[in-house]
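Structures are listed in the sections that come next.
One chain, chain A, links the two complexes that follow: it is found with chain B in the first and with chain C in the second.
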Partner chain A sequence: MDAVLIIQSLISGIMMGMVYALLSVGFSLTWGVMHVIHISHAAFGLLGAYLAYSLLEYFGMDPVVSAAVSVPLLFIVACGVYQLLIKPITKAKEVIVASMILTFGLAIILENVMVLIWKADPRVLTPTYASGALIVGPFYFQYPHLVGFGLSIVGITAIYLFLKKTYTGMAVRAAWQQPEAAQLYGVNLYRISMITFALAVSTAGAGGISLALLNSFEPHSHNLWLIYLFLVVIVGGVGNVIGTAIAGLLIGVITGLAMAFLPYQWVNLVTFGLLMIFLIFRPHGLFKQGV
Partner chain B sequence: MLHVDNLTVCYGQMQALRGVSMEVSPGEMVALIGGNGAGKTTLLNTISGLVPPAAGTLSWEGRPLNSLSPDRICREGIVQVPEGRKLFPAMTVEENLIMGAYLPTVRKQRQESLRKVYDIFPRLADRRRQLAGSLSGGEQQMAALGRALMARPRLLMLDEPSLGLSPKAAVEIFATIRRLNKEGLSVLLVSQEVLETLAITVHGYVLENGVVAMKGPSAELREDPQVKMSYLGL
Partner chain C sequence: MQKYRLAATAILLAMLAAFPFLEPEVYYLSFMFSVFMYVILASSWNFIGGYAGYLSFGHAAFFGIGAFATAKAASMLELSPLLTILASIPAGALAALVALIVGYPCLKIRGPYFSVVTICFAFVVELTVKNIEFLGGAEGIYLKFMDIPEKLSRSILYEVMLLLMIVTLGVAWWLGRSRLGAGLKAIRSDEEVAETMGIPTAKIKIQAFILSAFFPGIAGGLFAYYLTYIHADVVFNINISILIVLMAMFGGGGTWLGPIIGAVILTVVNEGLSTFAQAEIARIIYGALFIVVTIFMPNGIIDFFRKKGGG
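This part shows the complex of A and B:
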């Protein structure tokens, strides 16, 4: 086999994997902290990608610049979604099941809204540097891929530092580890849940923009993204940010190699197969769960 | 300071507390004893705002506490060390302590509070970077007590602080609680160590099946034949 091709696909796999990680980290947090399996998480990520697309088409805003607009916007939207839809069901007996059904419906609504606004055609983000590439010896890195990769690293690092270094981030971890004690020391669980949810949705938006820099997308792309979310979170351990990052990289590399060396239709078979193997043999993932 | 009046608490159909009345005066250390399932933890959790009362009133310095959320009650200076300690296991000792000073009202003084806690428990200072889940039982109780002190309590409620500890660690914890009380902190102490608890408190309440079966000065409760038989095995 060609060594250059192997290394090249390894590197694209790592880039792709970091993007999966950013897309998944919020999914993992809402699942771990709130026991909400947020099926429309990827759809919100896709919404981030479409916002970046429109801001680029109509205002010529670079995706990285427009992320500074769309990510906070998604944060506000998500606060509203939490108050209106998620908060009422967190009182349900089976929060996980209720949240899955509710957010599945939300995903369908979002998908159709995106079809209405942006049509069902596939889109690509074409910033000014879209056709450029960094060439190092026999390897080449397309600029949009590098930017998407960079955005993911920044996003993951920001989430990690937020959880470790800020009071609110510590409250998120405390609420996951021991909700009752967290309340006793003044943590308002609803407020923390809202922040967790909104932050998760914003990172999904940033992840969606990153992914859109690497791949084309259409209104139903989030269904496939969702499978990757589950795979990454299950391998990485629910609520574990570092685990999510490593799992994302791992899965990125595996799919990257599969794409290079297997017929295209086999790639999803590999990912679904991997998901099944994990669910059967290591349902708690490679790393320990926890925020 | 704290007045509980005719408090009733229900879990579904079951009444966990029925018409409980009690009080804690400033600077006082009050004992709450009783068997398993008597409602001691329920009473503390109701005062802390984790469990809503079905009837009756709770008041703090003359103001009603009913229907305040747990964070508001903590802000009032009523702080609980829960049964089983309930530390944040995947956080370091220092992070656990800092979480005790989460509320903005006490957050500013957290460095000073931290120094105080490390003064009281030098062992916690040695273990500050260790995960709370990896501590021994005695150290965990110190961390739990330290976390509560970080919240600058005016009334400290302790639920079974000696449960699962070695006798030596239990003696240490009781000595610390006593010292804190001597320095002016009001304490509500729930414990199965009836003899020890009645020895260090001024007043006591005996809870049985959700009602106050007996109350009075701790010294008298210790001599009460009923208490001796039920709780001291004498």
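This part shows the complex of A and C:
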């Protein structure tokens, strides 16, 4: 086999994987901390991608800059979504089921709003450097891919540091490990849930922009993204940030290598087949759970 | 009370069976056909998803297996219409066999992890069918339709699907009152405790899973014949899997009536909206419906009305 091809596809796999990781980390947190399976998570990511698309198209704003606009915007929107929709169902008998049904509805709404605004055609983010590439020896990296990769690393690092170093982040972890005890120590669980949810949605936005730099997207793309979210989060262990990052890389590399060496139509079959086998033997992920 | 209910059900079913004799438009026959189909899918899913609490998100796989097995048999052996309809029964058995093989390792996994492994399973089946030419491949399979007027052929399939629905609901009724059903409910509330009490949890989960795959398999076979052309994208669509779960949970999982109500309401609403509104607007209203119902009836419609009625 061709060594250059192997290394090249390994590297693109790692880039793709890091983006999956950023897109998944928030999904993992809402699931772990709040027991909410947020089906519209990927749809919010797609919304981030479309915002970046429009800002680039009409104002010439670079995707990295527009991430700085849409991430806080999505944070605020998500706070509203939490107060209006998520908080009322935290009293349900089975929060996981209720949250899945509710956010499934939200995903349908978001998808169709996006169709109404941006039409159903596939879109690509084409910043000024879109056609450029970094060439190192025999290897070849497109600039948008590098930028998306960089954005993902920054995003993952930021959320990791937030959880480990800030007071609010520690409160989030406390709420996940010992909700009752955390409450006794003065942690307001609703406030923490709102922050977790909003943070998750904003990282989804950043992840969506990163993914849009690597791939084209259309309003129903979030369905496929969602499947990858599930896979990454399960392999990485629900609520585990580092685990999610490693799982993202792993899945990225597997798909990357499969794409290089298998006929295209077999790639997904191999990916899902491997994951199914993996789940049967390690149903709770590779790593210990915990934020 | 019981007697009146039974009588009311019998009258309702007789009316449904008599409906094609009123010479309705083909559109209404098609519509009712899909209502019956979704009632079958949601009620069968309920065996494992509702009673045992194992949310399978890959049930379209069994539907699709039944569809492709029937279509393949019909086109390869050039079956007559009657035999094609009957062929959907062994096709359902094939789906049940697959459920046995897949369920054995997968049902050891609990909670959302089970849901994800079933999603993977559904994709693996879909992609296998798509990639192997003999199984249908990327082109799908054409079936020869009955050589009779359209209305008559639609009426025949309407009656067959209705019959399958009655059988499925009969089994569901029995299950709700059987030892099997009681065991499954025990698993749902606490699997460890159920095991300690001596319930053979592994065995009855497999039994429920096989049952819940069998009827969708047959329904898939009938659906294939109804469409006369099937493609992996249509019958293995993940949206069907999700819709089945939503219908059952929307009405109320683990009850007999819940999946029926959920399937009927969602099919009617979906159809009504797509007739009267622009496609995207219809979908937005449809999505809002899920949100509103979940907020006001977080445990399903049945649970909501039970609480209102009986306290």
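The working rule: the second predicted complex is superposed on the first by the 290 of 291 C-alpha atoms of A that agree within 3 Å, B and C clash if a C-alpha of one lies under 4 Å from a C-alpha of the other, contacts with A are read in each partner's own complex, and residues count from 1 in each chain.
The criterion applied here is as follows: a residue touches a chain if its C-beta (ideal position, glycine included) is under 8 Å from a C-beta of that chain, and two chains touch if they have at least 3 such contacts.
All figures in this text were calculated on a predicted structure; none of them were measured in a lab.
Q: Please work out whether A:Ala174 is in contact with chain B alone, chain C alone, both, or neither, and reply first, second, both or neither.
A: Touch status of A:Ala174: first partner only.
Q: Between chain B (first) and chain C (second), which does A:Met259 come into contact with in this model arrangement: first, second, both, or neither?
A: A:Met259 sits against neither chain B nor chain C.
Q: First (chain B), second (chain C), both or neither: which does A:Val187 touch?
A: first
Q: Mind telling me which of the two, chain B or chain C, contacts the most residues of chain A?
A: Answer, by number of touched residues of chain A: C.
Q: Can A:Leu73 be said to touch chain B (first), chain C (second), both, or neither?
A: Touch status of A:Leu73: no partner.
Q: With the two complexes superposed on chain A, say which partner A:Glu111 touches: chain B (first), chain C (second), both, or neither.
A: second
Q: Looking at chain A, which of its residues have contacts with both chain B and chain C?
A: Of chain A, no residue contacts chain B in one complex and chain C in the other.
Q: Please name which positions on chain B make contact with chain A in the complex.
A: Of all residues in chain B, those touching chain A are 48, 50, 69-71, 74-75, 79-80, 82, 86-91, 95, 98-100, 102-103, 107, 147, 151.
Q: List the residues on chain C that touch chain A in their complex, please.
A: Where chain C meets chain A, its residues are 55, 105-106, 108-113, 116-117, 119-121, 123-124, 127-128, 130-131, 138, 238, 242, 246, 249-250, 253, 280-281, 283-284, 286-291, 293-295, 298-299, 303.
Q: Using the touch definition up top, name the residues of chain A that touch chain B in the complex.
A: 167, 170-171, 173-174, 177-178, 180-188, 290-291
Q: Once bound in the complex, which stretches of chain A touch chain C?
A: Touch list, chain A to chain C: 31, 37, 85, 88-89, 91-94, 96-98, 101-102, 104-109, 111-113, 115-116, 223, 227, 230-231, 234, 238, 265-266, 268-269, 272-273, 275-276, 279-280, 283-284.
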